[in-house]
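The same chain A turns up in both complexes below, where it pairs with chain B and then with chain C.
For the complex of A and B:
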């Protein structure tokens, strides 16, 4: 190589990133003030919940104080107490942490399984696709909610981990189908054929060529799924098939309202949890909508 | 020693039907074609759309599976190799794709696109790799500073040149150009074609030039094969094909080239009518009872025609 060329190339080339990926999402969020506010609020809630709950020991949640049962909000118990005199605010924070942990874990696990299997099925097609899709079809035909309820009643020691695993076992199928359908469209494009002729192995093409092109769909889907998973968890807990009472969740707090007296006269027990769910779901959905628009150039605001 | 020889290549696609999705028929995309490529030449493969010319190219490079036949490259039959063994020959045969828009990954920067084969075949440090990519960018007439841009920031002609640069990175011996300019407008076509001719001389490349545009093929090719319904109907040097077309299909193709001279319009029309009449009158002479094309027969050293 000639010396001048070396010198010429040694000078740093300015790294000009064109508007793509994160910057588009960022611009979209800046344009959509509601989504930006939602995002900040959601992260504030999440951080507050996780940080504050670290200071709450189990004895603080479980401590029964029968003299103070159903005491309305006051300076010691910010949100009052429940039928056992337990502090509602502490339960709300720990419950929100449990609900969020479950929702986030389910979202991550289902995404990991769904993306892997969806990519493999869509990319290779043929027999592999057939086998994976028949398994997915089988799981789809199962009455998911019934099985989860039966599982919850059968398992003697039920905790957060069990709950995450049983939910993840059923909810990855939708994601796998979505990823597969997008991969099917993507692998017909010439750049995949080009990568093959350039000697790139299949797994590299899948991970580094096809997957980045699905990133926007995955981000949008994960966000909206997170809201859905919070809903599923609280719904099951409300019905009494979620976490046991010792581990509070937003659903268990709301389920106190099944008692008509609590429902009508002791609204401080269940209303904060209901509002927290509402706020979080709305936040996630607003952010999700903004991400969805960012993924589709025709709908973009910014 | 043969450089690249395609021998009795067949690519059939099964047509499934009936209750058990049995194979009831085959689509004969490529039906028994034989062609030879000499080092340094440009072989033009011409035909109407759907005649199997792209399938031929993609089969040679290994994107489609050959049903039967041989692809002999440096005395080795590529169709019989396992994927791992084939990897060695990947470098020597590269491809330029038809659509410069979908053939570049929109999420990758130019440096990643062009360096992809380097990362697969050569171990270079990031610095060396960047220098090589910049050299290639310069060679294909693009600014070496734009290696961190994304494909959508380039025009169609520039994108096609990025595609060419990518094919050139591993110093291939053969480049299969699958209608490399059909997605570009005419002014850019000439630019890209002349550039391809320049790098052919520089790297001593062999082109298999697939196109449906006879004007471009005439400009580019040394030898030409005319394909029709998955078979070669005529093969010869550029002069053989354009000056002494023997097969009626070749004549029809040549007659379809528009004549820009308005004074000769009537003459041209008459010629086209003549060719069409000959086609209707002598159809049996050129095609057998099932409408199939006959095997190629040599009529001179360089010229072969599919006649009975």
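For the complex of A and C:
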């Protein structure tokens, strides 16, 4: 494997007073109107979804009303109803909340594992690095999606927590590899050597000196991962191997389209969910790209 | 060179072994064994005969002995039987393997047909409106999840416009082997493969674009320009030739990506291939088939990565690990 080139992160503006991380990000967002708009739109969606879903009780989603099967959008049911006469809009909001929560949880867990192992492997090198890298190489070659599906069907008493843990067990490897390669480069810099000479314990150097220098890369990576995780979770739910019964996801709503009649004539059931996923993914990615540029001095617009 | 390939092949062996052990242990954790199918077909079988049969088939042996037997059979091409359908797994795989292979091949062809011209245009005229459009497309295709995109494509071109069939791999009424049969097959393949191809171009386009922009600044290009080589020739003879070669190395990774995506694509387009077999087998709890499929996909993924590593080491000797 080729070692990725060290990016220009350590070469940030040296001669003038260097601006703080947040002001760089802020400046970048102000320059990139699309990213700014995406950020605002995404937060608007998130806040709306979380606030609105607090008012939706489980009975409001599950209430079956067979007289109102597949009713098209109207003033009571904003997005119509599904095969059981259940309100699609409520399902959409709760599904979006579940999908977002799970994607955030997976992103946080995989980041914690990936950063820890990546730092350890990159900082210490040698045998530890070798062992961790072999494990990563192995997991990378697995048909991950299939194995996750097998686990999902095998786990007894399958619930949301299990699902998050199963996904996390496989998706930390990419991050660990990224952090490792950056740590490898960082380790060679003078400040680490100086700290070592002063007798600073390794743990402190890793946590308080190397890690802050990697923070911009980590933030960018987490943002893009969040989008990826939403995609994987909704995809698995679409196939029927995602969230357990009774926990709607955006993927669950889309999976109703497997019935050709729904696909063709009852588009209000599945299309809003598909479009919501598209909008959220694009928003997160636009913001992620802006952050990426902010993290790399050579690419900045502002 | 040879040393690198041999080394890389040797690394593959423990990877495959580990994969097979994990899959085998997973299989042991799955409910049902080789006799489940017979039990359903023949509910009057008394427990004693069952026990005898188990003993005979070696289902009571310790797991490592069973594992060695399983892997031995696998190597000889005996995949075992499907617990649910009670037929040989190899019979179940046959046709579907060909279907998935065909779909994958067509996806690869479309992906390269789209990616290479776009990458070249973006690299040759950076910051032009065409480049901005291509970079925009690249960005969107990176952000959209495959299953949502495939679904929207199916809805638009399959259901709304009726340009393409919405499922299957071939029309039933067409006679096998005739010209119409091949045409119908192609007709069924186009929409799924284009949907998958449109989303698998990101890496290639991005790589080609930045590679061409970088190569333009190299000394040999300046020399070529200085001696008066026409602009067109500088590009075709000097720049593209150097930048296109490494793209070949993405082949293996692309295969891995397309294989992973085939689960979604085949499910959405109702295309009878291995991915669809996987989903239906797991829904029917037909775990012997699931095992073989995971093993097969794992093997192909490892092979794909290997292929890319080898091509890359031929194209770019710097990364060889000696």
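Methods note: the second predicted complex is superposed on the first by the 281 of 302 C-alpha atoms of A that agree within 3 Å, B and C clash if a C-alpha of one lies under 4 Å from a C-alpha of the other, contacts with A are read in each partner's own complex, and residues count from 1 in each chain.
As a convention for this text, a contact is a pair of C-beta atoms (placed from the backbone, for glycine too) under 8 Å apart; a residue touches a chain by one contact, two chains touch by 3 or more.
Note that this is a predicted model, so its numbers are computed, not measured.
Trainee: Could you figure out whether chain B or chain C reaches more residues of chain A?
Mentor: Looking at chain A, the partner in contact with more of its residues is C.
Trainee: Let me test your reading of the model: by the given contact rule, A:213 touches which partner, first (chain B), second (chain C), both or neither?
Mentor: In the superposition, A:213 touches chain B alone.
Trainee: Kindly classify A:239 by the partners it touches after superposition: chain B alone (first), chain C alone (second), both, or neither?
Mentor: A:239 contacts chain C only, not chain B.
Trainee: A:199 in the overlay: touching chain B, chain C, both, or neither? Say first, second, both or neither.
Mentor: Only chain B; A:199 stays clear of chain C.
Trainee: Based on the superposed arrangement, let me know which partner A:191 touches: chain B (first), chain C (second), both, or neither?
Mentor: Once the two structures are laid over each other on A, A:191 reaches chain B alone.
Trainee: In the overlaid three-chain picture, which partner chain does A:277 touch, first (chain B) or second (chain C), both, or neither?
Mentor: So A:277 only meets chain C here.
Trainee: Let me check the overlay on chain A: which residues of chain A are in contact with chain B and also with chain C?
Mentor: The overlap between the chain B and chain C interfaces on chain A comprises residues 1.
Trainee: For the complex, give me every residue of chain A touching chain C.
Mentor: Per the stated touch rule, the residues are 1-2, 137-138, 140-147, 149-150, 153-154, 227, 230-232, 234-235, 238-241, 254, 257, 260, 263-264, 267, 270-271, 274, 277-278, 281-282, 284-285, 289.
Trainee: In their complex, what parts of chain A are in touch with chain B?
Mentor: Going by the criterion above, the answer is residues 1, 5-6, 9, 13, 15-18, 20-21, 189-191, 193-200, 209, 212-213, 215.
Trainee: Going by the contact rule set out above, which residues of chain B touch chain A in the complex?
Mentor: Touching chain A: residues 58, 61-63, 87, 90-91, 93-95, 97-99, 102-108, 116-117, 120-121, 130-131, 134-135, 144-145, 147-150, 152-153, 163, 166, 170 of chain B.
Trainee: Under the definition above, what is the set of chain C residues touching chain A in their complex?
Mentor: So the residues of chain C in touch with chain A come to 15, 18-19, 26, 29-30, 139-140, 142-148, 151-152, 154-155, 159-160, 166, 259-260, 263-264, 267, 278-279, 282-283, 285, 290, 293-294, 297-298, 301-302, 305, 309, 312, 316, 318-319.
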